[in-house]
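In what comes next, chain A is part of two complexes: it sits with chain B in the first one and with chain C in the second one.
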Partner chain A sequence: MKLFINGEEMIVPDDVTNVEELLDYFKLNNKAGIVERNQVIVDRSLHAEEAVTNEDRIEIVHFVGGG
Partner chain B sequence: MKERYSRQILFSPIGENGQRKLSEKHVLLIGAGALGTSNAEMLARAGVGKITVVDRDYVEWSNLQRQQLFTERDAVERIPKAVAAADQLREINSEINISGKIMDVSIHEIEELVEGVDIMIDATDNFETRLLLNDASQKYQVPWVYGACTGSYGLSYTVVPGQTPCFSCLLGSVPMGGETCDTVGIISPAVQIVAAYQTTEALKLLVEDYKSLRRNLFYFDIWKNQQSTIKVEKLKKDDCPSCGQACTYPHLDPVNLSRTAVLCGRDTVQIRPANKGKRNLDELFDRLQAIEGGKVEGNSFLVNLTIEGRRLVAFQDGRVLIHDTKDISEAKTLYNRYIGG
Partner chain C sequence: MLTIANRNFHSRLLLGTGKYPDYSIQKQAVDVSEAEILTFSVRRMNIFEADQPNFLETIDTDQYTLLPNTAGAKTAEEAVRTARLAKASGLCDMIKVEVIGDQRTLLPDPIETLKASEILLEKGFIVLPYTSDDVMLAKRLQDLGVHAIMPGASPIGSGQGIINPLNLQFIIEQSTVPVIVDAGIGSPTDAAQAMEIGADGVLLNTAVSQAEDPVKMARAMKLSIEGGRLGYEAGRIPKKTYATASSPTEGMSIG
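What follows is the complex of A and B.
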């Protein structure tokens, strides 16, 4: 499946079917962050229910502490 | 005065009127590390009337790669960052009021510091202090600008009480661990991008050009050539404990506060005693000199003990930094062994 993640075209395995699995794939699930799918923020409690489909535009932003 | 700020006054969103407003405003900067020194220098050059810089740490060699107000001499002499930064800022602009405070910002401190301040800039290295700042911002209705970076990645967001979602709304739960300057490093240009966004937002707030505020969460990875923004209005929660209708400001409650902290970018644990009294550094210096196998050094701000392959640094306000360890219990043992509760 082809996705645009943070503006960059990426191919992810077809067994990634929802936002939670996508975050797992990028090992980002234990980080505080915000996910946007096609310019709509996905509620944190609905990550497992929000499907990702071919050519979706996904933004993933995680908070860091450094400064 | 006019010549000094002429190019900024020529910039029409600021102009004469904006410049006058800048000269009447007070900015509180929490942290004088990479983000703190960069923001502070820009704001001082811009002519902000009063700048207060607060930091708990002192200058070390590993800071010099990116913390722009510090020199080799500051590192050699272990000058507290708040002092070194304030001195340098006064050299840059002697016409404004600059205050450097050696202080670990916690509940009591933030409630005092925020008084009379127009905006706060986040230049801290941890989430606990940011949440403290966020709650103080809501309680006292003072906007603040979040900024953070690690590696080549960074992000920024402006919180305006009563208008935008607050930092707690965006963050959800407090992250456990995660990347720090300690684990993934940091490059200076990432710092400068975040600081540029923070200072620009600060200038908009200070000249009261509210309609120009960004209002989005901005983030980038300058090494991967990525940058984007997310619209976050939707994340505002009516039941948020920090900014919601029945808010309780949980991060201003001592119950939710830790007494020890591992410092970002440093193999260091800080211990902050419950006793808020001042530490007698002369007495401590004499006492530590009697210890066999230890090396004691000091200046008027701190006492440094090297022993057992570790380094303990005691500040006048009671805090002790234990270097060369991330283990809190080991740090407490060393603290109790040499400094004493």
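What follows is the complex of A and C.
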């Protein structure tokens, strides 16, 4: 499956079917990441229910140092 | 006591978390500053470096109020998106609205800042806009219902201190919400000056993080902000042209 993650085109295995599995795949599930799928924020509690499909545009952001 | 949207803070220093030499120094600086509000930015995660440390993971987030900014936004729309992403973290409901209109000076775009603030207030955020030191703009923001106004002292990271203390004084005098001087503070003198003018707080980052000794500077800023505030509350003497003796002129044994 082809995804655009943080602006970059990536191929992820087809057994990744939802946001939770996508974060697992990148070993990010214990990180305080915030996910947006096709410009819609995915609530943390709904990661397992939010499907990921071919050509989705995914943003994964977090807090970094700033003033 | 600094009160923003019915939340009370003992510290009047809001500290940024960018550009420290390392996390250990940063943590010490945050500790000694006694700041209760820390600012952050929202950025894309490097998904291939999941093990990369993150400052937020090194602190007890229950002890602090997180104030994410919308830095990077050039329009109200972008600022609103960043604010919504920040809130989705579940860690905060405050937002520092920062819409930069010019990349060389990093001065805020007042019109987009106003628009973004209005939208975010409607969405239930606690809104603290970073603004230029324009008196009418501050008033317009206040009329919208923002929870604090954060005028810049001088350009972000410039360390030039308060370029227009008169404007700042006008903003403070008319304001019914806290005024937090944000950006441009370079030294403890600058921070104390802001507080003596009557600011409710100071937000700074580079002045501490890029100081030769960030930990010592964090303490210096804490003390100068406390000193400046006490001086404001105590009420300074008026300036006079000529001298007035501190010692009595009667009873002198000479002459």
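Please note the rule applied: the second predicted complex is superposed on the first by the 63 of 67 C-alpha atoms of A that agree within 3 Å, B and C clash if a C-alpha of one lies under 4 Å from a C-alpha of the other, contacts with A are read in each partner's own complex, and residues count from 1 in each chain.
Methods note: contacts are C-beta pairs under 8 Å (C-beta built on N, C-alpha and C of every residue); 3 or more make two chains touch, one makes a residue touch a chain.
Computed from a predicted model, the values in this text were never measured in an experiment.
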> Counting residues of chain A in contact, which comes out ahead: chain B or chain C?
Replying inline: C
> First (chain B), second (chain C), both or neither: which does A:Phe26 touch?
Replying inline: second
>> A:Ile41 in the overlay: touching chain B, chain C, both, or neither? Say first, second, both or neither.
In response: both
>> Based on the A-chain superposition described above, do chain B and chain C contact any of the same residues on chain A, and if so which?
In response: 6-7, 31-32, 34, 36, 41, 44, 59, 61, 63-67
>> If we count contacts the way the header does, which residues on chain A are in touch with chain C in the complex?
In response: 5-7, 26-28, 31-34, 36, 41, 43-44, 59-67
>> If we count contacts the way the header does, which residues on chain A are in touch with chain B in the complex?
In response: 6-8, 30-32, 34, 36, 39, 41, 44, 59, 61, 63-67
> Taking the complex as given, what residues does chain B use to touch chain A?
Replying inline: 31, 33-36, 122-127, 130, 147-150, 153-155, 170-176, 178-181, 186, 191, 194, 217, 219, 221, 224, 226-228, 230-232, 234-235, 264-265
> Mind pulling up the chain C residues that touch chain A in the complex?
Replying inline: 16-20, 26, 39-45, 47-48, 50, 54-57, 66, 68-69, 71, 84-86, 88-91, 156-157, 183, 203-206
